[in-house]
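Both complexes shown next keep chain A, but they swap its partner, so chain B is in the first and chain C is in the second.
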Partner chain A sequence: MASSQLYTSDFRNGSVVFYGSTTTSSKETPQAKRSQLTNAVEIKFNTDSTLNHPICHKLIYDFHAIFTKAQSVARMEGGRLRLEDVLILNRRYRLAIRNAVDLIQAEDENHTTREFIETLCAADTLWSLFEAIYMKPQGRSIVVDLLEWARESFEFATELLNTVLNTATSTGTAYDRHELYWNAIIAQVLVGDFTAAYNLLTGNSRFEKDVMMQRMAKIFRSLKIDMLHDKNNLDDFVGIQKHVRELLSSGQFKNSNDLAFICSILIGDKTAFKQIFEGLSQNWYELLPAYILFCHPGADMGHVLQISKNLYNLLVIGKQPVKLDETIFTVLSLDYLKAIQLICNTPSSLWFAAHLTDMIYKINNDNVTGEDVDIRATLLLDYAKTLFTVPQLWEIAVGYVLESGLENAMELLDTQVAELPIDNVKIANRLLHICQKYDLVRAHLDITKAMTLKFERESEWSEALCWAIRNETTELVTQVAHKVLLHARPESISQMAMFEQLADKFLLSPALIFLHKYYQFNQLTKRGYLQQAAQTLCDLIELGLAPPEFHTVLFENMAKILNASNEGDDLNSLIDRATICDLMRRLTLFETQEMVRTQGIPENQILERTKLNSQITVLRRILIQSLANRALAKTT
Partner chain B sequence: MVSISARIETGHRDIVHDAQMNYYGTRLATCSSDHLVKIFEVKPNGQSYPMAELVGHDGPVWQINWAHPKYDNVLASCSHDRKAIVWKEINGKWQKVYEYNQHDASINSIAWAPHQFGLIFACCSTDNSISIIEFQQDIWKPTKIFNAHDQGCNAISWAPAKTSKSLIDPQERMEPKRLVSAGNDRLVKIWKEEGPDNWVLEVELEGHNDWVRDVAWAQSESQTLSTIASCGLDKRVIIWRCADLNEKKWTSRVLTVFDEVVWHVSWSLCATVLAISGADNKVSLWQERLPNEWSKISDTDDDSRYDKV
Partner chain C sequence: MNTIINATTKETHGGAVWKVRWAHPTFGQILATCSFDNTVHIFEETVPDTSDQSLSRTGVQSGKFDSSNRWRRRRALTDSGSNVTDIQFAPHFLGLMIATCNALGKVIIYEAEDVLDLDNWTIVFEGEVFKHRCGSLSWSTNRYRHSDLTIKESFGELTDQVTYVCFAPSAGLSFHKLAVAVGARIQIYNIHVHTDENLKSNDHHDYMDYTSLETEKVSVLENGKSQVLRISWNIIGDTISAVYSDGVVRLWKCTFKNNWEVVSVVQPSQENSSKQGVQGIYY
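Entry: the complex of A and B
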């Protein structure tokens, strides 16, 4: 089939525009015309204000579980779903919606919950309507499919039936005494459940003696809706209606207003429908299936839109259609793209649009495979973006991005995760877990860098270093290690327990190696391994990696440790002669370097100069003492 | 050695979902998404002739099942249109004799009970329930098991009729009727009739990791064991065995894990061969040559591979 289309998207502003030319179909079905993408349709997404509601979260989680299952089953079936599997999953989706409605209704009512309930109820109605139109086997009567929609979606018939029967059971009275008895029968007629209507009627305590009821029961028995699947049976159905009309006009039901009223419905009397709308039904579309059945039993899909508008105009006088009405009209016109647009424009409905579109595309049904534009991917991605605005829903959001099927899904995910706000370590760790799971390199780098800089600003050096190491880039590690050496107190370095777990591979930079060694020096000193400690300290000085400011610390440490040794009884120094000489050379070299480095800088700006000179002098003296002790030790 | 003995062009206009030979192997019934059930006469030489086209369903017909020949030519079919229909050949013409429409969603599987129990069929549906319908004193009497499986029931199969005798009561008695069902709750469940119209869950068999698509109870006991095969979306075929049904101790063994989803399992009449078909477009036949050791006896992929329509 031929089609051409393009779309542009502006995800940041939450809109996408689809353009397309007419698609042609290689398989025309008598009842359904293919949806034609002929106009530019802009789908804008409303920000979802209910996302923070806990019941909304539950709904989102439930939907995600079903969505995941749908993807898993479809993967095994080559990307499509069998009709039965679609219907099973649809039932689950709708059950999740109904459960959410029940939960919200149990809460205290306010404006937000009322709105949410309305959205959910509309979603349930629309979902089953989409199923009736787009997800049925071919070769069926749209009239029958809409009646099934009525039975599945409109609860008034079941509620009335249950009320009448349950009350009768609990009170022990005959259910035909219930004030709603006739309403219950009418309701069954309106959803095409003539078996239930028949059972209610024949259960009437006066049935055996009431000829009119028996006549009506016979009519109910003869009305088999499924026969309408075969156009050849239309005459039979119309014949039944004609018979009812004759019975009515000849006064056969004149002694029963209720039965006469039911006859009016059966023959498609518009006045009867108006009365029902005023008394029984809250929504005009709840009468649509019955209206089509009794007024246009042979209607094809192509007629349904006009019939529905006629019904709307008949029942709803003086009011413009609301969004749900418009959406229903659009679904019935087979312009499903526009219907999705309308759904997306409704606040708090993106979750619905995304999942519904996913199911429509999954079904192995020619009626909807004509579209090439990947609206599904776009909706899933935008839904994911909405979920990313709520921290509790990030992990789910990731799943939707990955399942969108977009070629650059990983790249988009990487970018999205990298841009998420990080308020604390817990969130950062959660995000890193996601990065690790899906190999999101860029996000990993951005998150660890952000955390590093955060702790740097707060002078939390140990944390900053940890995050820099997790970042695994040498530049950042070096930068932070250098800052630690410059700004951190030596005692705090000696308390950086992270070095205990530091595997060699994390020693990414010389500065980090230096810090690690300094930490080791401190640990050795604490544990009393003074000789090793002294040797380590020598290595640190030899490395020459410390910033000049840190040399003060090193010299001070060396002076202390050697002085303590010199004052002991053991004349053997902690370090050997060669090392002592090396250190003395090192001191001289350092002094010279310092002079060169600080040349031109005014004396009063070199704050540490006096301290450093003093340290060097002291250390030199101690080193000479150590040398002398070694010489004495040799001779004795 | 396994080989194809005949290919039959059914003339269906859409996917054929099921094909069943009758008891004697002289008739073939097929059903399809084109809403039709077709019946063919099959000759021993493999030639086939269309006999009837049964019109009555309003949706894809998922499964058909022949009743025992003692009831003459009787066939049951089930469909997406929520109906199960019983057809009977009367004076050479096939007619609809009963229509059951008490399910709220597609009826996915249908099976006649062993003939010793009478003319009874069971069917199961996406609405989670199972129906057992018995023809008694000229009327069809349904019994329903509600909420048999969460998220839909996919397949149903009857246990073979068994008689039992005891030393205390030497009169032979029929064991209670039993059914096995498979559902999207990943479970295989065994149901037992404890009294008239009273079916209870006897055992839940866990072993599948995903939707269970089909289940078949072997109609003969193997090594005095009751045997059930099940298959599903997890690509596994599991053999379940039990020495004494009243003990309710079932063991399971994964026959094999296929590369693709497995759709159907079916036992031969003597339960010596298990046929398995799946999304890999292959049909394989397996035989238990040694206890608990199954071998694939259909080895030629070319012979057993079918292209998707």
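Entry: the complex of A and C
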């Protein structure tokens, strides 16, 4: 047996299907080989299920609005943003992410929504970590910055605090009676919010009488994290830790397990961190800021990666790091390029990578090394490509391509828009609106040509002509006009109301002028202006633009209109003598030309020739009669 | 997974059918096939004349499948004189044209001047391009830089068999980008078109007289010893998917630093491989 492979791809669904096939020969016909498709394997290279989700659309629209704002502000500042502006925009981006999470969580949960929520939460965490590492002013302590990251990103501290306080408010009981009271205090300590921890502790109903609590409150008040920005204050912090260690070892907190536990955290006891991980926190990195603060308060950026890996190994036993963990390590190693690459390789995360990179590029920060490649442009372009796969997002995709800053962005857009699927007239018009807005000339030509050909194939001549006129190229208009003359019924030409709104567009092509004039002839006839109609018909015949096949129509019309006039009482013909003579000359010329043209044409076309000859004969007779009538009218 | 419906079965060629190509949707549902019997056949899907507007029609998007649709052979192109090895429709902006090549190294380009009349195709180019077999054709889609360029030059350094050639989508580049499958390698070339303005102004109407090509090899993609059979670019020209003779598909992507790396490998499932005793893939 032999095998071969075939693959098909569905651009819009983002799937590729690989088939193998086997060939076999049957006993009856051993020489004939038949093929059978087997081994169908479907690979989706784009998780379109999330991209088509309405909440994802909302997120994309929100991000686009913030992105547009960022670009307009940056343009005023010479392409860069001030740090304060970046932080504000970051906050907006993260708020949009959190809103999306809230909306999805309100929906029924399924595999897709769960994945999407995980992606969004990871994006929120990473974004604020990027901000903490790359988007802070120089000369700050990384320890403090990571604590800010914890306060902004990790909700467990806020959630616990709110749970305790809200329950107390609603039930009217003291909040220190809540079973999560001490967890809430610990959580505030873990994110470095000692003010909140102090407030919670001092609000305890037994605080006034409890010496241990008062000692702890005093410790909380002395811990001012911002002082760590100045390395000279490190000794003060270490001194406080030493004091706590002495209090603990001397048994000052022996009657309160909770306070003793808090002390063990404050002195950087690794066992305490393990206990917290098992009971309170779900993710190891949520303990990283506190671990660094209490175990390595003087750490600088160069140490953070190793410290984080130590913490991971301490807490997560027997498991390999997942993608998010790897990305966090990479961010902390200051290889932001690799971190962005890891994010890009995660399904449905391109939106995140593109906007984050845009923010990083907007900061005038020496810490960010560009590696001399335009990653921002590449990512924005890739992101735009994914948006182009969803019809509702085309307009937004165009915006991203243009903002990418690529030199060939317009040409790229021109090509991309022209290749978008045109399912119907509505979509074609929508695309043309985009073309008009951004001056995409070639896309406009391609789309209008595609629609023209479509209607030509369907013999919708009026529509085909309309689209050809929108294309505005003489060649196409002429081609369609000729086809109309060849294939459309004369009655349908007379019903093409589009000629009323053509204005001067009919001048695009001589064939179109001819059609326009023929339409006018029909209108004049309908309204009873026979003389003008006859004159128009004469002009049409004189123009000589009609294909030979259409001449039968013209001659037939002329014969009818003149015959009707001849049979009336009025001997005056609709056309004057000179015109009649011209027409007769033209008939003779046409006859001669037809004889030459049709030499060698097969016999099966003789019928048409016979019909034409008979019409010429009839018309000639009618013209002679008209001439005679005119002569008679002159004499009477 | 979608269900495949057998729309029609045609036995029109007198030998093995090597390639099947679709024309651009702008021209409707048009199919071309080439065969060992030295011919190229052009087929068109037609619909019966009906007043029912809900039925699909041929066109840009034919919409739903309708069993009353029929495929009709419109023309057989028989000028090749030898086994026709490849056919490719030209980019749609050049019109309805198709290039063919055969086992004797001859290339013929046909054009249907009237896209509604597929019975009439005229030859716009005919020539012996290679001394030996020509196995692959590709049109450049670059409409900003001499877009009517097909593969004509032979690359002197290529000693292995060339199995496939493919131009990258233009994406507004100022040059043409070409991927050539040679043995187990994929070689990527940039082709620059230079115009001699003096010659151009001296009434040389054939642009071949006043243009010259400069090729520059920019990358070689190599992974293993299996022969590369097919390659395909993505729309932006920074990713190549390649089918290898060992049945594996590899996706190569140009990274931020302009290095090409394998980002994904698709392998046939082990169960089916062992069941059918896959001995290699050939076409």
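To be clear about the criterion, the second predicted complex is superposed on the first by the 580 of 636 C-alpha atoms of A that agree within 3 Å, B and C clash if a C-alpha of one lies under 4 Å from a C-alpha of the other, contacts with A are read in each partner's own complex, and residues count from 1 in each chain.
By our rule, a residue touches a chain if its C-beta (ideal position, glycine included) is under 8 Å from a C-beta of that chain, and two chains touch if they have at least 3 such contacts.
Just so it is clear, the model here is predicted, and its values are computed rather than measured.
*Asks:* Quick check on the superposed pair: does A:450 touch chain B, chain C, both, or neither? Answer first, second, both or neither.
*Replies:* second
*Asks:* Which holds for A:496: it touches chain B only (first), chain C only (second), both, or neither?
*Replies:* Neither chain B nor chain C is touched by A:496.
*Asks:* Is A:144 contacted by the first partner chain B, the second partner chain C, both or neither?
*Replies:* first
*Asks:* Looking at the overlay, what does A:385 touch: chain B (first), chain C (second), both, or neither?
*Replies:* In the superposed model, A:385 contacts chain C only, not chain B.
*Asks:* In the overlaid three-chain picture, which partner chain does A:87 touch, first (chain B) or second (chain C), both, or neither?
*Replies:* first
*Asks:* One more residue to check, A:410. First (chain B), second (chain C), both or neither?
*Replies:* second
*Asks:* With the two complexes superposed on chain A, say which partner A:353 touches: chain B (first), chain C (second), both, or neither.
*Replies:* Neither: A:353 stays clear of chain B and chain C.
*Asks:* Would you mind checking which one, chain B or chain C, touches more residues on chain A?
*Replies:* Comparing touch counts on chain A for chain B and chain C gives C.
*Asks:* Taking the complex as given, what residues does chain A use to touch chain C?
*Replies:* 1-5, 7, 17-18, 20, 22, 37-43, 45, 337, 341, 345, 371, 373, 375, 378, 381-382, 385, 408-412, 414-416, 419, 421-424, 442, 446, 449-451, 453-454, 456-458, 483
*Asks:* Hey, which residues of chain B end up touching chain A in the complex?
*Replies:* Result: residues 33-35, 58-60, 62, 80-81, 83, 101, 105-106, 108, 126, 151-152, 184, 210-211, 233, 260-261, 279 of chain B touch chain A.
*Asks:* Hey, which residues of chain A end up touching chain B in the complex?
*Replies:* Residues 72-73, 76-78, 83-84, 87-88, 91-92, 137, 139-140, 144, 195, 226, 229.
*Asks:* Chain A touches which residues of chain C in the complex?
*Replies:* Where chain C meets chain A, its residues are 1, 4, 25-28, 57-61, 63, 92-93, 115-116, 141, 143-144, 169-174, 235-236, 238, 243, 247, 249, 255-258, 263-264, 266, 268-269, 272, 276-279, 281-283.
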